[in-house]
Amino acid sequence: MIKTGIIEGAGFTGGELIRLLLNHPDVHLIFITGRGNSGQHIHEVHRGLYGETDLVFSEEPELDKIDLLFLCTEAEESRQFMQTYTIPEKLKIIDFSREYRLKENCGEFIYGLPELNRRGICKSRFVSNPGNFATCITLGLLPLAKNLMLGDDIYVHAIIGSTGQGRKSSSMTHFSWRNNNVSIYKPFVHQHLPEIHESIHQLQNSFRANIHFVPYRGNFTRGIFCTIMVKNKVSVDELYQLYTDYYAKDSFTHITPDNIDLKQVVNTNKCLIHLEKHDDMLLITSCIDNLLKGSSGQAVHNMNLLFNLEETTGLNLKATAY
Amino acid sequence: MIKTGIIEGAGFTGGELIRLLLNHPDVHLIFITGRGNSGQHIHEVHRGLYGETDLVFSEEPELDKIDLLFLCTEAEESRQFMQTYTIPEKLKIIDFSREYRLKENCGEFIYGLPELNRRGICKSRFVSNPGNFATCITLGLLPLAKNLMLGDDIYVHAIIGSTGQGRKSSSMTHFSWRNNNVSIYKPFVHQHLPEIHESIHQLQNSFRANIHFVPYRGNFTRGIFCTIMVKNKVSVDELYQLYTDYYAKDSFTHITPDNIDLKQVVNTNKCLIHLEKHDDMLLITSCIDNLLKGSSGQAVHNMNLLFNLEETTGLNLKATAY
Amino acid sequence: MIKTGIIEGAGFTGGELIRLLLNHPDVHLIFITGRGNSGQHIHEVHRGLYGETDLVFSEEPELDKIDLLFLCTEAEESRQFMQTYTIPEKLKIIDFSREYRLKENCGEFIYGLPELNRRGICKSRFVSNPGNFATCITLGLLPLAKNLMLGDDIYVHAIIGSTGQGRKSSSMTHFSWRNNNVSIYKPFVHQHLPEIHESIHQLQNSFRANIHFVPYRGNFTRGIFCTIMVKNKVSVDELYQLYTDYYAKDSFTHITPDNIDLKQVVNTNKCLIHLEKHDDMLLITSCIDNLLKGSSGQAVHNMNLLFNLEETTGLNLKATAY
Amino acid sequence: MIKTGIIEGAGFTGGELIRLLLNHPDVHLIFITGRGNSGQHIHEVHRGLYGETDLVFSEEPELDKIDLLFLCTEAEESRQFMQTYTIPEKLKIIDFSREYRLKENCGEFIYGLPELNRRGICKSRFVSNPGNFATCITLGLLPLAKNLMLGDDIYVHAIIGSTGQGRKSSSMTHFSWRNNNVSIYKPFVHQHLPEIHESIHQLQNSFRANIHFVPYRGNFTRGIFCTIMVKNKVSVDELYQLYTDYYAKDSFTHITPDNIDLKQVVNTNKCLIHLEKHDDMLLITSCIDNLLKGSSGQAVHNMNLLFNLEETTGLNLKATAY
């Protein structure tokens, strides 16, 4: 059994991680900290867990009692944690923040996108879990990068559910505002763009074009659905082959000839990708659950790799479907 | 033109009132105050109003410049306002809070349910606007009370949209929580029960039974849909006649032989009522838009009565419908 | 491995059953029939299953190749099936319809509510899976019946998601109508009332009162949330004890002192129950996922009992939660 | 009073048109036909109209009794109607279909986008009402075309509510599928693209670039929210001036410096437009209510122009807002 601890487990990603780990056959949850919640039962904060755990939020982490630590912290807090605490030599860490994602600041962390870095993750100790938009978009582009096919500007639209924004309440998270509403935010300057660029460069170092990315806020809770337009002269059949080959050994990313819709992946760790062409314009559609493949599910995937488990362990999740 | 002012116009009911008054043919909006918003344009807070008004939130009310004041304040604040400010002799007031609804505390205020007190309202100066649940439930019961038919306990369930809770953000207003969710609150002790009892007593002084009321939070923004069960031995046809007679002169409350659904009234000032019987059990279904017939629309209705306008003026609203 | 077949697996309950069985460690899915879909891949109908199964809808069932058959059929179709086909001697059957739920028509079928009939189910060959509303409401009442406490009339309101209505499209299932809408149907005469009465009678034979039941259509896809009012003179603490005792050995039904909300059980096989009292009025709140505890999850639970598996096998499902 | 008739008034656009015309001060509704609904009350189909009209669906149009006819018909049906019936000499017609939108097939019809053709519409007899996507996208581009600034390819994403698909039920309109879901359809080949091109050409004849358009299905009922990316070297301030100038005399289209969200226009006849720049990339955000500015509201706007009324008559609608 892998003994694990969680830092800041009271948020959306923390809750999702706890729900996954409670059902994971090889994991023993030792402690969970949560700012302002210490002493409370886990099921008082993540209310659906009533009947599944008697764990209580801890005040302090006990790093010497665990094999693996999940940092569900914001960027600055993650680094602060790494600098404040003495990390036991054998302790493995998976960090959810964007603090260690880029090579210039990553230290010993490896970028935890298994479809890009599986082998490296298996041999690593510290993993930086990718961003949710970055996961969805990058998976749509990797096979093109691998085949050095990215040259022109890339136009990306992606719509995300409300859990992408975190648990803190604001006028933008108010049900009365968000229900039946759509809006955009941070067009062209979303904080996940640098890691997308870096993942592409890892496979196609020559890539110099722009990625024009407009994120939409959707009126649903879970999921990211993105469409990517980029010019490409190869036939759609050849592209399908190329994508299928690239993801042949990946358990969660599937290329499908059918149209896809978001609920096919909600509450699963899957990424579904669909390709279409119109003249020289390629349209890539890609979707994930932002809290699973885009966050806590991918973290458990990375844990499975770090501990040499079958990569799907604990991640065969029943889709919500309807 | 009726010159009007609004106290605390930055909330949900204030916004709805402004949207109504801007299109009302006989109203001139003189000022709107909003705690913490003074100096801001109205359309910066109620963003959809872009292009419809250049008004700015005022710091202070100018009571001598208006004919009518709307108090969109909480209970204590309304009384505080009445005590702090010198109310000009001719100024009429419509208060949204529950401070002046009950006879023991109402002072010069009359309970502003036109279907119960139209004549009184027309001759009044101060009107206390009814609660949203109270409006929906009381309208379902008045014809029975009028005919002295209420004897047994009354069982009421009512589901309300998120705008019933006000603009303040909390975990219970978070889209991620409320979307696709249902829950209940304040069963048996909702603060609108006293005014419902008082309205019934006004027509049937002998009424002594209980009203068992369970309010549901629904995953929609606007509307109240309620079902009322009470034993009754009269035939449904006779009851229809009795309800139709009672509401014969009311413009907004309609009795229909067809099943009703909430969206038939959303974004209108209507109340729709449907009756069914099964043996001796009568089921009354009643629905309104909580922000209109349940709040700001009813306030405008009361204004029309106070100023001897046709009661539907400015209230022929297009339903959202879909 | 239990070899299983499914009749009419193209609907909502069929899809949910397939999703459960594909992840069940002790089940091998042999065939699935689906009227009008034979020859199609399962994932062409239940689109989210892309990448999880290559099964194809069969034209005809092969009853001699399986240990267990699920009938996801309507009432008349189930009986027709039982009469048309020769059922192999060792074949076990779980029927989703209401055809065999009531004792007068049940034949060899046992009513498959484990919290009421676990021991009987374990020894049975044919199980009639309970109705979704019946499951949610009956679980709220069983401990009272067990303690012979049901005397007065019972008032029930329950709101259900759109998947309760089945896959067939109609104006009432149209998104444009149902979104943000609420309505009621079949008040007092819902087809699940007889089985609720029968379950109560099994524990409290003297029960003669009425159950006044008003079903609501909610604007969500999954779940039933119900409130039950019934007079009771026992203290709420004693009632909690009594409920906790009754469900002490049940894995999926939990009594909680906290308020509950629907999403705590969505995508799980749980039933959560909460009790409150106001004077002599007891309010029981109960909620389930209509497709899981209310249908396909309960069927898998019954399968586990029929084959002497740990009852939670394959049913530790991650809640949707948000 | 303008005497009007409606052909095929039982659908979504027909219902919306009826709701508008019933409240329009200068209109008298003479007849409404509806295939398969003749003899039924209007409020039996458009249920929210209970209490607002006693009109009954007619079998046959009486063209000699009206001044204006609205054709809420599909493309082929509109032409068929025009060919089957003798159109009285003074009868004006507004057609909702796309049959007469393009110049090569328009006959005497003028393309009814007031922001492009107001003067022409005022002098016309037959108006072809624009498509909903076309309205939203074209309004975002007209000022650039007017200033001959469109040269590069244009990338458009737009998300539309379920009422865009019409009243007919299908698996794609099923609440269980569409709720909380997102998907795309007809990428690059949507049927509104030709009219968008033609409107641009009317102002910038030299335009030869592509419009890459991906339509999304959103999980809401009303509205279109679109984002348009196109390269442009002019400063955002100058562009604002240019857009403001272009729409200076238009009552419903507003340029705003603030971010916009869909519900600002839902249930109104407005189009809101926002501009942003990042380096040389211009992002235009534009939103409308697909049933109002995108359909029936625009038809009433055109009617006002045809009959020399103030263009906003009957169209000062209260936004749903929440």
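First chain written, first letter: the chains are A, B, C and D, and each begins at residue 1.
Everything below uses one rule, namely that a residue touches a chain if its C-beta (ideal position, glycine included) is under 8 Å from a C-beta of that chain, and two chains touch if they have at least 3 such contacts.
Everything numeric in this text was worked out from a predicted model, so none of it was measured.
Between the contact lists of subunit A and subunit C, the overlap consists of B, D. Each step here moves to a touching chain, and the least such steps from subunit B to subunit D number 1.
The chain pair with the larger count of C-beta pairs in contact, out of A-D and C-D, is A-D.
Most remote chain with respect to subunit C, judged by CA-atom centres, is D. The rotation relating subunit B to subunit C, fitted on Cα atoms, comes to 180°, given as a multiple of 5.
Subunit A and subunit D have centres, each the mean of its CA atoms, that are 40 Å apart. Chain geometry summary: the mean Cα position of subunit C and that of subunit D are 46 Å apart. Residue positions of subunit C with contacts to 2 or more other chains are 12, 162-163, 176-177, 179-180, 219-222, 260-261, 263, 266, 322. Residue ranges of subunit A in contact with subunit C, taken from their complex: 12, 15-16, 19-20, 23, 44, 46-51, 162-163, 179-180, 221-222, 254, 256, 258, 260-261, 263-268, 270, 272, 291, 316-322.
Residue ranges on subunit B touching subunit A, taken from their complex, read 12, 161-163, 167, 169-171, 173-180, 219-221.
Across the interface of their complex, subunit A is touched by residues 155, 157, 159, 176-177, 179-185, 187-189, 210, 212, 214, 216, 218-223, 225, 227, 229, 259-263, 266, 276, 278, 281, 283, 285, 287, 322 of subunit D.
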